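Lettered A, B and C in written order, each chain numbered from 1.
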Amino acid sequence: MVSTGSGNAVSTAHDGERYVEGARVIEHMPASLNAVPPSRYYLWLMAPALIVLAAISIYPFFWLIWMSLQNVGAGPEVEFVGLKNFIKLWSDDKFWMGWILLFKYSFFCMFFEITIGVFLAVVLNGHRFENILITIFLMPMMMAPAIAGLVWYYLFNSTFGWYHWLFQSLGILGETSIIGSTETAMAGIVMVDIWQWTPLITLITLAGMKRVPRDQLEANMVDGASAIRNFIAITLPNIYPFLLIAIMLRFMDNFRFIDVIMRLTGGGPAEVTKVLPVYLFDVSFVYFKLGRGSAIALTLLIVTIIFGKLLVKVFESPASKRIDQGN
Amino acid sequence: MFSKPKDALYTSISRRKFLELGGGAATALGTGSLAVGMNSVMMRTPVQAASSQEAKMKQYAGSKLVFMSENTPPSFAIRDKIKDFYDATGITVEILTDDLPVVLQKVGIDVKGGKADFPVIYAQDKPIGAALADYLADFGKFIKDDTLPQDPEGYGADVWFDNFLDACGSMYEKGKIVALPYDAAVACTFYRQDLFEKYTKDFEKDYKYRMEFTAKTTWKNVLDYATFFKKLKQAGQDVPYGYAQHLGTFAWTTQLDIQRLMYSHGQWLDFNIDDVLGSKKPGPTNWGDATSVEMMKQFKAMADVSHPDNLANGTLELNTVYQSGQIAMQVQYHEFAASVEDEKTSKAAGGKTAYAPCPLGEASWIKNGGKAVNGTNCGIGGIAINKNASEDIQRAAFIFATHAVSKKVQYSVLTGLGGTPTRKSVLAEPDVVAARKRPSKMPNALTFESVYDFGIKAPNFVLGPKIPEVNEYHKILAAELTKCVAGKQSPEDACKAIKKQTDNVNDI
Amino acid sequence: MASRDVVAYKTPLSRIWNIFTVVFIAFYLLWTLLPLMIMFFSSFKDLLAAFQLPPVGAFSKIGLFFDFTPTTKHYYNLFVNLGFSTYFANSIISAGGSAIISVVLGSMCAYALSRYEFRGKPDLFFWIISTRMAPVVAVLVPLYAIFRGADLIGTKAGLILAFTTFNLPFAIWILKGFFDNVPYAIEEASMVDGSTRFQAFRAILPLVAPGIGAFVILCILFAWNDFLFSSIIGSGGAKTLPPATVQLVQPQNIQWGSIMAAGVVTTLPMMFLGLLIRRYLVTGLTMGAVRE
């Protein structure tokens, strides 16, 4: 993709200048300035970034494909097995369970973050202390997920955790900690995600709400519509594309990061929080079954890319064009 | 106990000093830089069998090695005193410490990738040793090599505690040693003697026997004690729960937890393989047989009377629960005694805790006709050498490995941060003998009677299962076991599920 | 601010609403701050004090939380004994290095992408952003192989490059949006005045400078908070704060005091930086889709 000129960087700069000199010569013909500039200049500008990206993405991708066709045993021997790893995945309960749990986890995170986050935005919008409050609310987002996992582990601990004490005192939980029961462990990891990422939804929603056409709101107010109806009828449709983007971003992050789960439950108890990336981690880094791991990784990668495609579609949809125009 | 990793020594060696040490010697003696690994540097001065001990020690002066280890006391202690080793050999050693799962990840990637970034490896017997045995060098050739400095005590099975050398060193091939015993975690019972004495009368009324803990105490007794404490607790009394298990995130210790119970009852083994050597082709597992189902039931029965947060507590958390005075008994690794006896962190310190061997099998629970034993297991952390490393790096690594397991070092670890010796001669030291009784300067020594004099000996000790897929086996077992404990499946189904998945992993 | 003066009528309903909002905000404030506060206070507590809890249900004894003699020994321990000054420096160097490289290379690439139309551009653009979407666990093994091959494991240079794998596509994606908003006419004008094409590029840089500055900080934030890359790629020689903190969970004692102190040390600078770029946060965290 990069022109394979034999020259080095120095001669390139020189090349670039020559074009520019060319442009200067025809200075008195402004129309020609609108012509598409010579492509080579732009290619050189793009080249460094593209080379770095290619090196770190193309090789791993093909490595994954190649590895997924191998059987990597306990010893150094590697054996070509064709599609056997994928066929085995079909009957691998933990693989399917991993997907189900991943979607379940993401769904719960989304549901609560959107509900709380949007509501918080409604409450904060135009509030006297809006700025200072939102700034405070943003703080959890700045914390490294691995650290957040540790801190919440400390809070949830049944021996010395203040949150456990609180839950117990309020009668929400018994002596079993939230991450020690198969019924509540998922709620535990979801809680941490809510704590960290609800403010992002609030922030996005607020950005959207600032752009709700004022005349519409006023018209409705005169009609005496309640704040809630007002919100559903006018604000929600306006911020809908924003929310869609937020959902997809959070969804993909749940695919990417497992720091909190690793610190809090490690996939337990009884595998109720073993979402697919955690299972993949086990296969690749605990069992060293790199063939099977690569097959799982590929499925994860493909689903992520599909999501990415959808996301970009939303970015470019007419609805979200409004987002930029409102700027 | 806070470790004090000093700055690695190599940073304090100036370039010039380095040249003097290595390069200078190289020019003079006709040596040179031989191999440069990722972080390792190799310098060699050839020696003969007849050379002096000092010359043998210094033959790799100027070299640098990396030791990937678990974050346990011996590694901290050796790191603190790494200068001693440098002074004796001229070899710089960088000691990296991590959580065991992280050590496994890093070492696994390293050796599987055919590399030797970590020439010296902490090889915990099953998770690392059994899983990566093919990548570990055989100590046999170094031990016989008279151009290398050797430990005066030698390396025979008899210089280490019973079974220790086999536990971490023997993998799949007879006569090959892949690791030397570096530290040890052997299970024994920690119990609250103060509470046992206080409540024994009440207990006797209900159960018609005394509440005490000896080598004859059975798993059924443990179940009784735990049931008794739970009833008391539920009646509103200010007592801890009786018992808790190792069920948290660390699959290996979960497997060990039920293994003790199973081995106690007729010496049940996971696979029909040699317990010492293990096997690369273990064949079908014994899960699903009558003994395993019975034991799963009993394990579940014990879980039902355990601390309510049983499922969240791994080995580490379990010890915290015990330290905070919330349970009256735990079967725990003897290396934890130091933390339990630490008045600054533990409510069970100051003579409240007593130590006993692991519980004995209950005759009436045995289904396979075997005998009842005090099933005891371990994690013997070996020190191993990466086979991918060049011959010279391996030899230099050997010099460090023998230092790390030497009597002198083990003794200083024990007296300093509270380690767990693997060499018999360390226990013969007068102050170590004295420390076995309270008040003890080395709290870990309080467990030595139960552990070194009893638990690790035949017929109580179980070493395996050593199979290449051991880590996946641990995870499968822990997952199904916890599902059973959580009441999500019956003991029968749990055993069946373990069998199905394990056999699948082992290509049956 | 569009709707502020609209809701002006005081009805009973709106009064209830107002009370409700105050309560809700108070709760949310508590929910946000409590974990941070507990982390902060626990970092000054001795281990036994940190483990003190009132009896279940005894809300009147909640003051027990503040019942301790503050000690700075955990911080002392971190920096003097546990080498956290090195890890802190590693974090700064690797996060900062990667942010700068990402934004420099990224702005060049983004500018070109913004100004230059060619066939397959949407595909190229998507490929760029997809490299950031890849689940880290999925690509870690092959990445390790590449880094190992280049002798970059355990080095700060390696870690900088590793962080660049997710920061660079992010920077390109975001900055393209910025350049798109700068009219081409400005460059035209500058070129008409006789400057070279590259000078024209530099001429519009001040216009996007605040944005670029904000995204340098955002890139630092992403890198600083990363755990998997820094624990595997940075292993040993270039350990950063998050893996160093996680390592305080030791087999025989979890050093909660030090962990909390390390949490404070890791989190505070990022909160400060977050404040600085507050205005750009939405844009950054939504990959440029949303502007505030």
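Structure notes:
Just so we're on the same page, a residue touches a chain if its C-beta (ideal position, glycine included) is under 8 Å from a C-beta of that chain, and two chains touch if they have at least 3 such contacts.
Remember, predicted model here, so these are calculated numbers, not experimental data.
Summarising the inter-chain layout, the chain whose CA centre lies farthest from the centre of chain A is B. Across A-B and A-C, it is A-C that has more C-beta pairs touching. Look at where the CA atoms of chain A average out and do the same for chain B: the two points lie 40 Å apart. Look at where the CA atoms of chain A average out and do the same for chain C: the two points lie 13 Å apart. Contacts with at least two other chains are made by residues 105, 109, 320, 324 of chain B. Residues of chain A in contact with two or more other chains: 159-160, 285, 290. The residues of chain C that reach two or more other chains are 51, 141, 145, 246, 249, listed in rising order.
Listing the residues of chain B that touch chain A in their complex gives 101, 104-105, 108-109, 112, 114, 131-132, 134-135, 247-250, 280, 307-313, 317, 320-321, 324, 326, 468-469, 471-472, 475, 478-479, 482-483, 485-486, 488.
Taken together, the chain C residues at the contact with chain B in this complex read 47-48, 51, 77, 81-83, 141, 144-145, 148, 151, 153-154, 231-232, 235-237, 246-247, 249-255.
Of all residues in chain B, only 1-5, 7, 38-39, 66, 70-73, 94, 96-100, 102, 105-106, 109, 113, 115, 117, 315-316, 319-320, 324, 335-336, 338-339, 344-345 touch chain C in the complex they form.
Against chain B, the residues of chain A that register as touching in their complex are 72-76, 157-160, 174-177, 179-182, 265-271, 282, 285-290. On chain C, the positions that touch chain A within their shared complex are 1-4, 6-7, 13-14, 17, 21, 24-25, 28-29, 31-33, 35-36, 38-39, 42, 50-54, 56-59, 65, 105-106, 108-109, 111-113, 115-118, 124, 126-131, 133-143, 145-146, 161, 164-165, 168-169, 172, 181, 188, 191-192, 194-198, 201, 221, 224-228, 241-243, 245-246, 249, 256, 259-260, 262-263, 266-267, 270-271, 273-275, 278, 281-282, 285-287, 289-292.
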